[in-house]
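One structure coming up, written as structure tokens, with questions to follow.
Chain lettering (A, B, C and D) follows the sequence in which the chains are written, and residue indices restart at 1 in each chain.
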Amino acid sequence: AAPVAAPAGGGQAAATEAAAEAESAGPIRVALLMPSTINDISWSQSMYVSLKELQDELGADKLEIAYSENMFNVPDAAAAIRDYASSGYNLVIAHGAQYGDSLMDIAPDFPDVSFAWGTTTRTGKDQGIENIFAYEPRGDQAGYVTGVLAAKLTKSKIIGLVGPVDAGDAKLHVDGFLAGVKATDPDVKVNVSFTGSFGDTALAAEAANTHIRAGADVLTGSAQQVVGAIGVAKENGVPWLGVQADQSTAAPEIVLASAIYDWTQLLRDIIAMREAGTMGGEVLQLTYANGGIRTIYSDALPAEAVEAAKAAEAGLADGSITIVVEPR
Amino acid sequence: MFHEFLSVATLIGIANSGVRLATPYLYAALGEMFGQRSGVLNLGVEGVMLMGAFAAYYTVYIGGDPWLGVLAAIIVGALMGLLMALISVTMQAQQGISGIGLTLFGVGLSSLLLKVLVGSPIGISGFSTWKVPGLNSIPVIGPIFFEHNILVYIAYLLVPVSLYVLYRTTFGLKIRAVGQNPEAADSLGVRVNAVRYGTVMLGSAMAGIAGASLSIGLLNIFQENMTNGLGFIAVALVYFGGWRPLGVLIGALLFSTVNALQLWMQVLGVPIPSDLAVMMPYLLTIVVLAVGGQRIRQPAALTKPYERGE
Amino acid sequence: MNNSRLKIASLELIDITKRFPGVLANDRVTFDVKSGEIHALLGENGAGKSTLMKVLYGLYQPDGGEIRIDGKSVTIHSPTDAIARGIGMIHQHFMLVDELTVTENVALGLKSSRGPVLDLDKVEARIRQLSQAYGLHINPKAPVWTLAVGERQRVEIVKALYRGADLLILDEPTAVLTPQEVDDLFATLNQMKRDGRALIFISHKLHEVVAISDRISVLRSGRLVDTVPNQGVTRAMLARMMVGRDVLLDRPHTALTPGAARLVLEDVDALGVIGQPALRRVTLEVHAGEILGVAGVSGNGQRELAEVIAGLRAPTGGRVLLDGVDVTSWTPGRRTDAGLGYIPEERMHDGIVQEFSVAENLVLQDYDHPPMSNGVFLNFGAIASRSRDLVRDFNIRTPSIETTTRSLSGGNIQKLILARELSRDPKVLVAAQPTRGVDIGATEYIHQRLLEQRRRGTATLLISEDLDEILNLSDRIVVIYEGRIMGVIAREQATAEQIGLLMAGVAEGR
Amino acid sequence: MQRFLRSLRFLELALPIAAVLIAFAIGGVLLALLGANPFEAYWVLISGAFGSVGGLASTLTKMTPLLLVALGICISFRGGVINIGGEGQIIVGALAATAFTLWLRDWPGWLLLPLTLIVGALAGAVWGGIAGVLKARLNVNEILSTVMLNAIALQLMNFLLRGPMLDPAQIAAGTNIAQSEALPRSVWLTRLAPPTLLHSGVILALVLAVLVYLLLWRTTIGFRIRTVGLNPSAARYAGMPVPFYVAFSLILAGGFAGLAGAVEVTGVSHRMLEGLSGGYGFSGIVAALFGKLHPLGAIPASFLFGGLLVGANKMQLTVQVPSALITVINGLVVMFVVASEVYVRRARRRAGREAAEASLKRESSTPSAEAAVP
């Protein structure tokens, strides 16, 4: 990636100066836009929590955070991105796949601001855009490890999965999960259901109920709706395996593991690259290899299951395991 | 796959799910029915449910007994109803829009409170399943009807109670009169607006319990906007049920059983895109009403504020 | 309180004044009524009768004056208060809840002997008692919407009696009744009078006032003209007191030679609102320049008859012909275009759009014809000039043609409808209850216009429960009973007795 | 007289403003409790929405779908039907417009763009028409059917955007973001003030507002719609085909919402996305009612309401308050503004009555009007 020299152009001069000033004098200012809320205990929360951790680590005088929640309407998000960029923020994180096209429009207008966008591998470099970092959590890896764990835990050989919609990150997670289960024990059956939205907690709860009645003795799922499913799992004493954020707050006794997204290293990398003059154009991933995905295991788990899962983690990290997605 | 689908266990499972899923609809729609029978359309059910859900959740979260949580939901629901009545009955605001306002208010406030008072959602221990001793061992019937949490049973008890209140008490008579011909009721000394305050607050209190039945009954947690449109469905079910308790019961059961059915279809791998499966209950509700060709007339004074001497 | 049973021996309204924004509805009115007396209150539309009674019933608070019961000054805060003091009121528009049963309507607002739980069985028993004592013939279990108008009124009376009304106000109770029903009502009222109750009776029909009352008070423009005993008063005298000028009460009927049959019904069958057979093999002809009167007790198929002709109700059998053309399957709009005019019975409900301006209502039938529109765009100039003409020609009292119709009085709304329909110079006119609830000045005017239309060759079907109106205006009279035409009588041979018998279903008039 | 009318008009303006201020005051208390400076927050809200070219452009951009939906709502409410199906109609309109454009992508823009907008409107009209026909023919309550149709449209979108209409680029990249392929540039609505998103759709909406006004008050069709809405039985007596106009009102309402969807696609997002309906189906009702169900009133109403939404986002961004607080304030504004209307209504009625009585008095005191019968 070629370091971007600040263009000495007329229109952008003011912004450039402002940015330069902010850079030299003040803290790095990061803005975050997300489709749900900072307490959704999944996608948005994971990023927010990581940012906060980083802030604790660096100090509030070094890292300033601003955020906009519930930006499910893309044009609204675009307006907010533009606002953040033009009001002196150095890094604007568009934490949702749907924001990409707006970002491609906006980024060229603010060459001194870095943008980050996920889930994607597109940085826009092919179109000459140099200031977008693309990031992608390998949800399939998180799913895979949870799948291994689930296959080890189930006695009935039936696992229930409560998904929001069969697309995007959620789909990636499901695919990885199925692969993990298959690789561990081909006899285990995974029943998959979707509620059709990210927020239908009641339906997610009933889906969990249905899975349990259909014989599942281990449950998993994704999106903010899963709080409903976790409630039911708890009620029935069925173990739950979480993804994205640490879901044990919802029910510590049955959330036996969470494959969490830890964005801190990724954020550190982006900030470092920026300081080194790389404004964007890089693709970053959350993987087990780089510590971006971590699984938190509960003490209640049988040692053998944890071992198998950790082996899977290692295998994914060193590349000895590749995830084979089979058509469903 | 289909033989599996048609097994007795599955059918019992579907029925059991349907019975439980109908719970919040029953509370909310029966409550809304009272308001509408007296002439007030409260489109704010969604917001009231969320506030009730949060009140119950938070009460239990800070260590209260679940029953205390229900009480909190009732009080908060009734207060939301008071607000609605103030605006729609006393200030005679257009009811469709004031309800949308109330929904926004409830959605926002409950989410704000969660963020400020709790942070990210933390699980609680609400009501747990209580298998009715004796009854739950009846084959088929037992597993369908008698393996739920207590709020589910109460929801069904409210159907006969609503019938009784509506048709056998002086309050019920006033409700029916006020919703059909408020002038006539007024001329006999029935305080029209007082009755409407009563029904709207009663209805909202029930919407509050509907929320509680989710947060401390079914889910044991609160999440922003967790009702996800359920309140609007409840309003629709009042129309579906023709403003009658039994009609509402049938509507709620139909809707939630089909919902349960589609969940089972997905779980058992019936090859149908999940999005289309999720669509089923909504489609069916319309189809049933269209085919059933309803001739029921709505309460004559519905959505019409009352002012003496007009 | 000296009488143990009756709470009211005498009631006085002294110098009552009631102001509405811009109107002095009651201007120092003094009025009294005693136990065992029927006191009639007369006055044109808007004279202030209803207002005075609403003050008495606690619906309005007077701006001045006082109310005395048995000599003691009282304040009546609300209807509940009035009811507690033994005052009952039967409103100009019935105050009944259609969807409830008779018993429920009566029980509404009463304390139950079982606290919060209804005691309908007790209420029902008492209703039976009362209806026996006063000859009211009421089925307590019937839902009100199934009842005919006369029955509904009896329910109103039971409601008042049940609440122990010692003073009963009846605001235009006969406006909607048939002669027989009026007779029955009067029997009941006389019975109540004998029991020692006080009654206030409001009517626009002078002969009724003369027939039933002991004393008569006349209001004009909010002021009391006079109170006179009912001895030696004539209708002409009363009319003069009311209007302030002489009024033509009976219109001489000039014979005309009717022309060709313009409206023909052949063996028409039709179902009613609840699917009951409402018209059975109805056959009739109305000729150009003829008024055919349809007499009958309300609820015997008049409404359905009018609707079948207007095209609002599909007949299940038979044919309707307009000028010889079979129009049975035509839409209402097409029939109107072909020259049908229609004055509906429920004027507020069916005849106008209350929120519309006078002008808009005046063109409700013709808005899509030139010059009011070119088929797409409305021509406001043409609409306004036509509306102004009609307001002038038909003497509609309105501040402007832009006024919302809701704020006009009933009589003027009726004139508006009349203007709309007659200005189209219809070949066939169906006029259902054209003067119900309208005062004598306006009634006179409406009759005059109908007769003028007859001279111009319109075939008019006049449906009315007012027998005087039918006898006054019709060239021929048919009587409808349970959906059947009971007989056709030429005007010259018609007598009230004979028609009354036919209306009761006794078929021997033919 | 003159002065009184003027004061009534003043009341009509002042009351909603007072209502908004009260709502803001309560919101201000909440803001203060959350540790924000309410005055700063509201300043940001107002200046964010109206205080700069960019803000104004955002407000106008938001106003466009609001106004379009509101126009449909004006028609349907005037026709006596309550359309709460705007969300679904927007989605269906946007989906259809997208599919249509992608299908005929090689056609020239001058032809394709208008056709795309029409297709969007037609699809919305069909979606509204389902509810309309169900009501007109089978007496199915429209509140019920439109609520259900919203949910169905949402799932239909989920299905299409994740399956048949999924962007091939997404499939190729394996990311499967639920969005359609980008529309060809030939159908993008002209941007009026780059770099803002403001596009020529706003002009279309304004023109349509005038047309809807003409439709409702200047044409025979509008006359029929209003008659049917106010008194169906009088409409029947006057020979109007009532069921047709009931259905037609919903068809038109759906058409406008569908058009709003198509305009969002061609003007703003340039592809079909999730969350595109943005709650406009409901906000549009609010805007229409703020505008007194008058198409021309809907213009300032949707402008102000759009500004409120834009400003609120700015406020979230600048003052860093949770978005939920903004929802609360919006709810309060909606409730208080409708509640305040009662006073305007009462004052207007009093004024009207007084005018009527006064002129009646004048008239009846002249001898000519008195002579009823010669």
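Just so it is clear, a residue touches a chain if its C-beta (ideal position, glycine included) is under 8 Å from a C-beta of that chain, and two chains touch if they have at least 3 such contacts.
Since the structure is predicted, the reported quantities are computational estimates derived from the model, not experimental observations.
Shared contact partners of chain B and chain D, listed by label: A, C. Should one ask which of A-B and B-C has more C-beta pairs in contact, the pair is A-B.
The most distant chain from chain D is C, comparing centres defined as mean Cα coordinates.
Rounded to a whole number, the gap between the C-alpha centres of chain A and chain D is 36 angstrom. Computed from the mean C-alpha positions, the centre of chain B lies at a distance of 45 Å from the centre of chain C. Centres computed as Cα averages put chain A at a distance of 75 Å from chain C.
Shared interface positions of chain C, i.e. residues touching 2 or more other chains, are not present.
Shared interface positions of chain D, i.e. residues touching 2 or more other chains, are given as 155, 158, 162, 322, 324.
In chain A, the residues touching two or more other chains are 37, 165-166, 196-197. Each chain pair that touches appears in this list: A-B, A-D, B-C, B-D, C-D.
Contact residues on chain D toward chain A in their complex (touch as defined above): 54, 58, 61, 154-155, 158, 161-162, 166, 173, 175-179, 182, 195, 197, 264, 268-271, 273-276, 278-279, 310, 313-314, 316-318, 320, 322-324. Partner chain D is touched in their complex by these residues of chain A: 31, 35, 37, 66-70, 72-76, 78-80, 82-84, 87, 97-98, 100-101, 105-106, 109, 119-122, 136, 165-168, 171-172, 196-197. Across the complex, chain B meets chain D through its residues 43, 47, 83, 86-87, 91-94, 96-98, 100-109, 111-112, 115-116, 224, 229, 232-233, 235-236, 239-240, 273, 275-276, 278-279, 282-283, 285-286, 289-290, 293-295, 298. Interface of chain B with chain C (complex): residues 168-174, 176-177, 180-181, 183-190, 300, 308-309. Across the complex, chain B is touched by residues 36-41, 45, 160, 165-166, 191-197, 199-203, 205-207, 209-211, 213-214, 224-225, 227-228, 230-232, 234-235, 245, 249-252 of chain A.
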